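Letters A, B, C and D mark the chains as written, and numbering starts fresh at 1 in each.
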Amino acid sequence: MQILPGTITGRPVRVGSVGLGRLGVLHAENIAMRIPGAILSALCDLDRTRLEHTAAALGAERTFTDFAEMAAWDGIDAVCIVSPSALHTKHIRIAMEHGKHVFCEKPLGVTLEQCKDAEQVVGAHPELIFMLGFMRRYDPSYIYAKQKLDAGEIGRVVLLRSYSQDPDHQIKGALAFAPHSGGQFLDMAVHDIDLARWFIGREPEKVWAIGGCYAHPEFAQHGDGDNVSCLMKFEDDAMCFLLAGRTSPHGYNVETEIMGTKGTLRIASVPQKNLVEILDEHGVRKECSQTFHERFGEAFLGEMREFISCIRQGRRPEVSVSDGTRVLEIATQCKASFETGELVCCK
Amino acid sequence: MQILPGTITGRPVRVGSVGLGRLGVLHAENIAMRIPGAILSALCDLDRTRLEHTAAALGAERTFTDFAEMAAWDGIDAVCIVSPSALHTKHIRIAMEHGKHVFCEKPLGVTLEQCKDAEQVVGAHPELIFMLGFMRRYDPSYIYAKQKLDAGEIGRVVLLRSYSQDPDHQIKGALAFAPHSGGQFLDMAVHDIDLARWFIGREPEKVWAIGGCYAHPEFAQHGDGDNVSCLMKFEDDAMCFLLAGRTSPHGYNVETEIMGTKGTLRIASVPQKNLVEILDEHGVRKECSQTFHERFGEAFLGEMREFISCIRQGRRPEVSVSDGTRVLEIATQCKASFETGELVCCK
Amino acid sequence: MQILPGTITGRPVRVGSVGLGRLGVLHAENIAMRIPGAILSALCDLDRTRLEHTAAALGAERTFTDFAEMAAWDGIDAVCIVSPSALHTKHIRIAMEHGKHVFCEKPLGVTLEQCKDAEQVVGAHPELIFMLGFMRRYDPSYIYAKQKLDAGEIGRVVLLRSYSQDPDHQIKGALAFAPHSGGQFLDMAVHDIDLARWFIGREPEKVWAIGGCYAHPEFAQHGDGDNVSCLMKFEDDAMCFLLAGRTSPHGYNVETEIMGTKGTLRIASVPQKNLVEILDEHGVRKECSQTFHERFGEAFLGEMREFISCIRQGRRPEVSVSDGTRVLEIATQCKASFETGELVCCK
Amino acid sequence: MQILPGTITGRPVRVGSVGLGRLGVLHAENIAMRIPGAILSALCDLDRTRLEHTAAALGAERTFTDFAEMAAWDGIDAVCIVSPSALHTKHIRIAMEHGKHVFCEKPLGVTLEQCKDAEQVVGAHPELIFMLGFMRRYDPSYIYAKQKLDAGEIGRVVLLRSYSQDPDHQIKGALAFAPHSGGQFLDMAVHDIDLARWFIGREPEKVWAIGGCYAHPEFAQHGDGDNVSCLMKFEDDAMCFLLAGRTSPHGYNVETEIMGTKGTLRIASVPQKNLVEILDEHGVRKECSQTFHERFGEAFLGEMREFISCIRQGRRPEVSVSDGTRVLEIATQCKASFETGELVCCK
């Protein structure tokens, strides 16, 4: 990790956050209440009622309905971007041109052009911290698995398998969002693609993607399925199988298996809600996490803590802007394979 | 293990079995169909219909309604006693005095006098094999645990904890049997007492037993509870906690934990029916065994195979007649503690 | 299931078995000792020492070094074929032309021509039972999962994922066998292909296969990998991901996941040796099965019991000869995809 | 829960904390960094170096080596007492007489007289919040179990079983602390006694305690064992089996089972470190938590958050001072039974 010169400071980092959807509120709460050394100074959203209400509850000093105005305010050092995906790169450029550090939710952008634009502006501002929200890398279990892999405990990676499944009881929201989501590969599988590159440490070469509408034909209208999967061949032969689905009956299921020549690691193959085991007429069972914040609450906190810490210590976070570009490229190739039914090259 | 001289033989062992309750039929089936070297030659029961039907189905050559007649028949080499508990020792004596090897279901007897009588007759016939049906010792998982313990892998035994729980859906049968069962300690906990002595390798010194009628007040009429437990102090300080219950909602639950100074072994802490895991609206779950034959089918087969093998090879089985006596004594002391509320000495 | 007329009989089925490798001995033992109604009457193998030794131990009446002679002997009703794969169909033809029922180990044959030949001879002998050894269908856990699927409990199949992994400690044998095995798809994945067709109830349309030599470069000499996988698109969109590997560090790992729209079933995702859980310096753990007979002992017994039962009751077993042909076709298509790196049509 | 009048305030609660052992530092960090609405204003310890170092790191305004001086300072609203157990009640009295809210680590005191004194001073200051550190009640898994119990989902409590086991690798610290710890029942089992009263909702009537020195004879010098257990009979017949041990090979093991007539709940029967499952030469395993802060980090944070929240909202916490007295009484009775070998009445 490269250390930036001269930027360690004892002053709290003042953050302005844009976007107050479910995830935006979670980020705002974390900044306001759970990260020593961070202050939630400003909030920005188009919905004035929600904006004022949230700002009051979290003690934000200023509110904005225009992102550029917030970015221009000298009362903040950094911005947290949780706006609609299509606006991410625009907001990144505005913020950085106003000298603000940037945390941006995934995806980096919705087109390759947007990603390239973000790379350009981030590259032009080496004095500023940029971090992309691949929060799984900050989950304690994923961190633990990565350490074991890096320590050579499982040998060479043979296969990475990763599932991202939303619970079926959230299907209404998923259907409503479907026209704008970019599809399961761009909306969901990007996290798994990031994990695959992180764990395998190489790039995919070829992909074949399939899937269908097994329970919800509505997705077909958007050229999508309710469950999709792909098989990828990575450089040096590592295999990768990813699945993204919207119909999980048991809950929010994000699981990853890393099979190596000396051992296999499975992360969350039982997506247990907590440490309670129940023995009753249904057998011996564990109830499951139902939402992303239930499963990844600690990871969302961890990534924001890392962002603030990077700013204060002048360190670069592990995820670079080009990781964001690369993941979008690969997800787009998956989508192309799904749509054409053909093998697609990832290079 | 002591080898008896000169008794290895290639001739199949011909067995007569008495008692055609659920467990009696299971033993008869095993002898008739699943043990090479054994033949089910005779059956004995008071219920003529069941007797003839079973004999026909299993190919038994002769049927008897009088045990002494079967024991006297020279068409059998051995008897399998699955008659009512109060008759066990009487049948043991008759069989041995007719020169037959004896397999007897637990308990050995229902009084100490009976047990002493059995010891006498077994002792008087060193040329005959006697085996008591503590089948758990022949369950692959219990065998595996015992081997690890004996190999020193878990160090010195600190605690043995064992539960015997019948499913609540069998409560009608349990209530009907309650007047004659001898109570939970004599009827159920004897298996756990046998396990405790087997694993710990020493004798209990003191016991305190408690319990109650938590769901089924009917047991109180027999001075019993629907769930009872006891804590025992063994020689050399090993601790032992046993529970016997009739109200298990999830199934037939027999689990044992052996905590040692270097490791802990748990046998069947999840009483899973098979290797299927289900993920659905109830969470991630395993369905459970519902009956003793579902859980211990292989153990019942294993003990009978051992009985036949001991006869053919002239070996003595591991369980001795005095084990049967000792277990009854201890169960009786547990019961006395339960009834008086006081500590009871086990010596 | 179709009932054949007039063939129910009380006479035991006399079987002659060919091939005394590890699996051949297991089948012979099951026939000789564990299946009421079956008699092991004859054995055939080229290794005279092993042949005589095994026949004596299992009580087989006759031995043969020539399969045709055994097939011609009127002392048997049925043959069990565990000869080298390349000889299977030849042995099937000889046996059936001598009027013998046939149980044949997988694979049916090693070329499509062989399979077609077998189909022809089986079709020409409707009076004889033919059964192929896809033993997993007779494993209690797979049977249980199939019943749940058929009862609609997991809804429509979205994904079937199945792994067949041999332990790395058996790599020497695998390498020695590699020149003749046909490769991982034909040798190992055929079981998973059979399961996929059985559970999904439809045919694959397209496949893409990848893999590599992650630990054992020797497999490359045979155009194979030590771990390979494939993604298949089935009719009606069901997805199927299979993996076959030779480097499992924890043991013999055969696991299957069937993800449905209403529930997911996982069979043996922890390939536990038994019900013992160990708590020690390595954490909380279960030791694993190490060999196919440890994991599938009951399934091998179950399939042979079904074969005998079909003969005695005049029933046809569930697996047909054309299943064998179809599975070989698909495995061959997987192999072709692996070798060319291209998508392959399965029709 | 009773609401105190007029004490809700927007002003942060300023806390002074005494005692900077491992747990004292954890509490101080939580107050300083992880609880919105709380400020760590002062620290008190006899070790000046540690005191100044910690105060600087956590931004505490003042430091004290005399508790009474800190309690008298009007820069704090509340104290957090993590001093040696024998000083707890003295510190409680001093703090309350200076008008400070009090959070006190367990145990309340080391003698009944001390506890009575604490009850007196707490009773004399109804305007102040008093909370005792039974942190397990604030662990998410225990909270979840309690909600299920209270909702009637497991019926009537039959048995509560609870283990508190420290890892053997911490035995040096445990031995050093042994002369002053009060023994396993007072030092460790108090948490389990609190859980038992909380879950069962009644009082114990009788107890029998046993145990021994299985690996570390040094404990015998203090009239203690390295592993001890007790069986308790509660009012209305609920059974309770507790174990406290110092020799756990696999890690920090705190597990609780609540067996009811309609279901059983197990909390942390596998004390897993995280959601990673490892498949390697040791089998399929989960690594375990090794320390109390690894297992209960969230619970320690939760209880302090509740303490601060009670002060700000004028609510009384669930745990009362008399709970502390009652738990000490019961632990003392367990100890008496262990020492005498006799049954002891708990009333």
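Operating definition for what follows: a contact is a pair of C-beta atoms (placed from the backbone, for glycine too) under 8 Å apart; a residue touches a chain by one contact, two chains touch by 3 or more.
For clarity, every value in this text was computed on a predicted model and none was experimentally measured.
Novice: Tally the contacting C-beta pairs at the B-D interface and at the C-D interface, and name the larger one.
Specialist: By the number of C-beta pairs in contact, the winner is B-D.
Novice: If you average the Cα atoms per chain, which one ends up farthest from chain D?
Specialist: It is C whose centre lies farthest from that of chain D.
Novice: Quick check: how many Å separate the C-alpha centres of chain B and chain C?
Specialist: Computed from C-alpha means, the inter-chain centre distance equals 38 Å.
Novice: Between chain B and chain D, tell me the centre distance in angstrom, where each centre is the average of that chain's C-alpha atoms.
Specialist: So the centroids are 43 Å from each other.
Novice: Mind checking the centre-to-centre distance between chain C and chain D? Centres are C-alpha means, answer in whole Å.
Specialist: About 57 Å separates the centre of chain C from that of chain D.
Novice: For chain C, jot down the residues that touch at least 2 other chains.
Specialist: Within chain C, residues 249-250, 262-264, 269-270, 272-273, 278-281 contact more than one other chain.
Novice: Note which residues of chain B are touching chain A in the complex, please.
Specialist: 249-251, 253, 270-273, 278-288
Novice: Which stretch or stretches of chain C touch chain B in the complex?
Specialist: 32-34, 36, 140-141, 144-145, 148, 153-154, 262-270, 272-281
Novice: Chain D touches which residues of chain B in the complex?
Specialist: Residues in contact with chain D: 155-156, 158-159, 161, 168, 206, 208, 210-215, 225, 227, 229-231, 233, 236-239, 241, 243, 245, 247, 249-250, 259, 261-264, 269, 341-343.
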